[in-house]
Amino acid sequence: MNGSEFSWSEFLHMGGYATFVWSSYGLALVMVVFNIVSPMIERKRVIARVKRAIKREANSRQTS
Amino acid sequence: MPESESTNTTLLETRQLECVRDDRLLFRDLSINLSEGEILQVEGANGSGKTSLLRILCGLRLAEAGQVLWQGEDVSDVREDYYASMIYIGHLPCIKGDLTTLENIRSLLDTRSQSAPIEEIDAALTKVGLSGFDDVPSKALSSGQRRRILLAFLLLSKTRLWILDEPLTALDVQGVALVESMLMEHREAGGSAIFTTHHGMQLPCEMSSVTLGVQC
Amino acid sequence: MPESESTNTTLLETRQLECVRDDRLLFRDLSINLSEGEILQVEGANGSGKTSLLRILCGLRLAEAGQVLWQGEDVSDVREDYYASMIYIGHLPCIKGDLTTLENIRSLLDTRSQSAPIEEIDAALTKVGLSGFDDVPSKALSSGQRRRILLAFLLLSKTRLWILDEPLTALDVQGVALVESMLMEHREAGGSAIFTTHHGMQLPCEMSSVTLGVQC
Amino acid sequence: MLKAFYHLLARDLRLAFRSRHELANPLIFFVLVVTLFPLAVSPSAEVLRVMAPGVIWVSALLSVLLSLDRLFKQDYEDGSLDQLMLSPNPLVILVLAKVCAHWLLTGLPLVLVAPLLAMFMYVPDEAIGVLMLSLLLGTPVLSLVGAIGVSLTVAVNRGGVLLSLIILPLYIPILIFGANAVDVASDGMSVRGQMLFLGAVLALALSLAPLATAVALRITASR
Amino acid sequence: MLKAFYHLLARDLRLAFRSRHELANPLIFFVLVVTLFPLAVSPSAEVLRVMAPGVIWVSALLSVLLSLDRLFKQDYEDGSLDQLMLSPNPLVILVLAKVCAHWLLTGLPLVLVAPLLAMFMYVPDEAIGVLMLSLLLGTPVLSLVGAIGVSLTVAVNRGGVLLSLIILPLYIPILIFGANAVDVASDGMSVRGQMLFLGAVLALALSLAPLATAVALRITASR
Amino acid sequence: MFKRIWAWIQKFSSPKHFYRISGKMIPWFAVPAAVLGVYALYMGLFVAPTDYQQGESYRIIFIHVPAAWMSMFIYMVMAVSAGIGLIWQIKLADMIAAASAPIGAWFAFLALVTGSLWGKPMWGAYWVWDARLTSELILLFLYFGYMALQSAIEDQRTADKASGLLAIVGVVNIPIIHYSVEWWNTLHQGATVAKFDKPSMHIDMLIPLLLMAIAAKLFYAAIVLIRARNEVLYRERNRQWVKELVEKL
């Protein structure tokens, strides 16, 4: 890439190592995204659970 | 001792039953006759063979000698018929700690090929004092609460014959009263029951009894 | 509730004990005061936390908050001292099926670094109704007989403080009477005890009691 | 009856999924044991290539063996097994449901992960398909035959090693044919014979083992 | 205190001798697993000779692993462990007694029978002594480290495979050095380094593992 | 003095306080992580020159090496905080440890896979039983063991203590594993293909590598805070402040 004109196809080709390089970067991306998304989902789940518990408590207080 | 006032149909009958464990003769020539609507208490000191007898009655244990008859036929010949109309609750919990109360009851009913609408299960749970615990994993319940799941199962199974080994284990005073009332209702509905217990159980009705062991 | 007539030495004391299990608060700010010669019954419905409390008292479980004191010192600081003078018998059998009654008792005493001459053990076995069973492997005993081994252990251990979780489990009527008389004798000898039970136990002496749970 | 089968299968699967870690365990054990060999024997490609089929099969076998416990042990101990035996449904059907669940939870994952391990141990690509097929035919037999063994030893406490003693000899034919098939395939030869054998054994086990297990359970339940 | 150690050791040994079959089990498992390899891999002398040290070590390791259950599991379940923890004696001593009993019942028999298996697998005579020595130094470590793992998982039901997941990584160094020593000895070279390493690890484990186990037991007993 | 520090630690490590502070801290890690990461990616993919030996395949280094470093770093963080939790009974430390484990496992996994993907073109095999590779694999198993134990034990406090103890035992073992694997490999084989014998790296390669490593650390810091906050919410779900907080959400 040095000096010569930049070409996307050449870049994507990675000198013949495209599979290896791009799957590495792809996996890294997946890992990053997963690690961001999964705690967010987890957080929703925890909050929902606490809310449910609060509601259950309120209900049982009403009935008793 | 089947001279109760109930109908004369004999449900379960044993002939010359004999049980030996570890060289010790527990009982011999035991003949029981349980008719419809009869409630039978098996009495005896610790180690007299009550549990062994109940397991023999269920076909879970082989007697040394003698026969168990269900409506006149040997139980090993009419197994499916017999099992469809009896229920046994023993010393052991039969409860999966990882399943919730509801799931436990459902899967117990499943083994009997029964199912029950959710309202009915809820009603049963309320009756045994477990309402609100239906989605709690059973391992988080105390020993008495776990026994109560079995009581709910007993209620829902609607079988004619109950065989209960120490149904009062781990139950508190209310629990004992509950079992007593359950037995009364069961009897009024025409069901029969055989049970053991060391607590004095007072049922306001006739009860037959068999005493094991002249032992120790 | 320690206003009994016994000597005023406080043996075991809890301060602001709190126990939470699985999100549910079982008890909080529980303060117990057990003096020498006092017998304390822990009461409560199924699942109210009796077993949990006893295990906390033994140091087998960590309380959420609060302290357990043995003669004024935190039990975790005086563990060896404390354990040398208390004995806990829980729900579980603590019995090895492969060992005989005698061997079981011996090895239980061993864990307490105690030993007893054979005559004394024989006397204890006779007292709990197991004479003649001393060389029977415990797996061949019924559930009640196995509990009786523990009673013999209790007798032989000669400790000041007994902590008993449902000592009447699986015992027949004689067995219940036996436990009652054992408790009385223990008390007369100046010992203390904490126990739970769902059976009404009638001791002909003063008994304090703690009730757990305003629960369900 | 089909319903009884389905309900029990569903219950066992649900139980397994409830404790997620347990689900993964036989698989991890398999991977770990396979990993021990390069460490213990030699990391060189030539040695590993020769050993690989045998090592993978032995590890799969041990992994199934150790997970057999969960077939009946717990049910026996908590009394659920009594309830199953008191079910009005034929015990054979219930046994089959439990074995199915067991295979889905242990055998199948092994089949799926084996190719990866094979690659790590330099098994040639053309033999990897055969490895999977041989495991696919073989692991159900391991579960089925294992069930007989477990049902016989369920009343023995700490029966784990007794169990291996009883079952391992029965596993040996499967092991020999399975490992041999992979070996032969690595050399580029046909493995039709081995596969037919494994298939036949599977058919045999499927038809007889549940019956034997049901009988064994009735015997050992007597306590 | 020494008396407490001795009594507990005696009890555990007596218990094991009471159920004779159980006594023999780890040994039989060991022999069976080792036997699987000639069947699964190849019966030829060259292949076996290369594999032998590794296979024997892996089998010994698995055999110890599977017998670890008996260290605390049963005591936990029947409440005896509670009684041990309520003993006025230091828990570390009691733990050490139990580990000792475990080693005498599993490790030692393996050490004694290994030469026979090694011979069957064409291990040269001069390496057999090294094999025994390496097992003699290594198996106690397996018991000691295993005790930590068991005490951590004792409250987990069906923890068998979880246990392996936890312990196998910790076993790997022992495995590598043990098997490697035999390998090197077969080539007629000195194994002083390996033996020193194994000895050092044994000393470390002997001084730290019982402590860790005692701590772990106090943690997991909380139920 | 000592007492005051202790009191301060206790205050700061109270879950409620941590929850409030950490919420503010997360952006301070997350934003630089993203910026640095993207910049390093640009440098690594577009600016850094082609390696004369390995061609373009070496660009995996920008993922592989930071991931490998992180997997080891996170294990240390996890073990140390588990130790703090075990000895000083600081709940927050246990939570950090528990929150770290899955992230560390992910990094270890990433290092393994990218290493494999790099190995194929370099060594002609996805996997060789080389010392470094093997010990990374064992590290992954140590993570798995920790997580499995944590999730297998019901009671949260017991689970924390038990898995904490395991993490500490693991730390004792890591150097042992490390040396045993090294010696094992050098002792009896030379089959491993030429190892990383690069004299010195081109500066244009080194810079994106270091930037990526820093970005990875910041990323970890942000994620571990998010995860620890979840743990706080979950474990303190019965406390009044959590209930109030949740009702507002």
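Letters are used for the chains, namely A, B, C, D, E and F, taken in the order the chains are written, and counting of residues starts over at 1 for each.
FYI, contacts are C-beta pairs under 8 Å (C-beta built on N, C-alpha and C of every residue); 3 or more make two chains touch, one makes a residue touch a chain.
Computed from a predicted model, the values in this text were never measured in an experiment.
*Asks:* Out of curiosity, which chains are bumping into both chain D and chain E?
*Replies:* F
*Asks:* Kindly list the shared contact partners of chain B and chain F, in label order.
*Replies:* For chain B paired with chain F, the chains in contact with each are C, D, in label order.
*Asks:* Of the chain pairs B-D and D-F, which one is connected by the greater count of C-beta contacts?
*Replies:* More contacting C-beta pairs are found at B-D.
*Asks:* Approximately how many whole Å separate the CA-defined centres of chain A and chain C?
*Replies:* Centre-to-centre distance between chain A and chain C: 54 Å.
*Asks:* Could you state the distance in Å from the CA-based centre of chain C to that of chain E?
*Replies:* 37
*Asks:* Averaging over Cα atoms per chain, report the distance between chain C and chain D in Å.
*Replies:* Inter-chain centre distance comes to 46 Å.
*Asks:* Any idea how many Å lie between the Cα centroids of chain A and chain F?
*Replies:* So the centroids are 17 Å from each other.
*Asks:* Where in chain A do residues touch two or more other chains at once?
*Replies:* Within chain A, the residues that touch at least two other chains are 53.
*Asks:* Provide the list of chain C residues touching at least two other chains, using ranges where the numbers run on.
*Replies:* Chain C, residues with two or more chain partners: 22-23, 62, 91.
*Asks:* Of all the residues in chain D, which ones touch at least 2 other chains?
*Replies:* Correct list: 19, 21-22, 25, 28, 32, 39, 42, 157.
*Asks:* By the touch definition up top, name every chain pair that qualifies.
*Replies:* Touching chain pairs, listed by label, come out as A-F, B-C, B-D, C-E, C-F, D-E, D-F, E-F.
*Asks:* Provide the residue numbers of chain B that touch chain D in the complex, in ascending order.
*Replies:* Result: residues 55, 58-62, 80-81, 83-84, 86-88, 90-96, 98-99, 103, 107-108, 110-113, 137 of chain B touch chain D.
*Asks:* Which of the residues in chain F come into contact with chain D in the complex?
*Replies:* Listed in rising order, the residues are 125-130, 134, 137, 141, 144, 147-148, 151-152, 181, 184-185, 188-189, 191-192.
*Asks:* Please name which positions on chain C make contact with chain F in the complex.
*Replies:* 20, 22-23, 25, 62
*Asks:* In the complex, go through chain F and note every residue touching chain C.
*Replies:* That would be residues 154, 157, 237-238 of chain F.
*Asks:* Mind pulling up the chain A residues that touch chain F in the complex?
*Replies:* By the definition above, chain A touches chain F via 1-2, 6, 11, 14-17, 20-21, 23-25, 27-28, 31-32, 34-36, 39-40, 42-43, 46-47, 49-51, 53-54.
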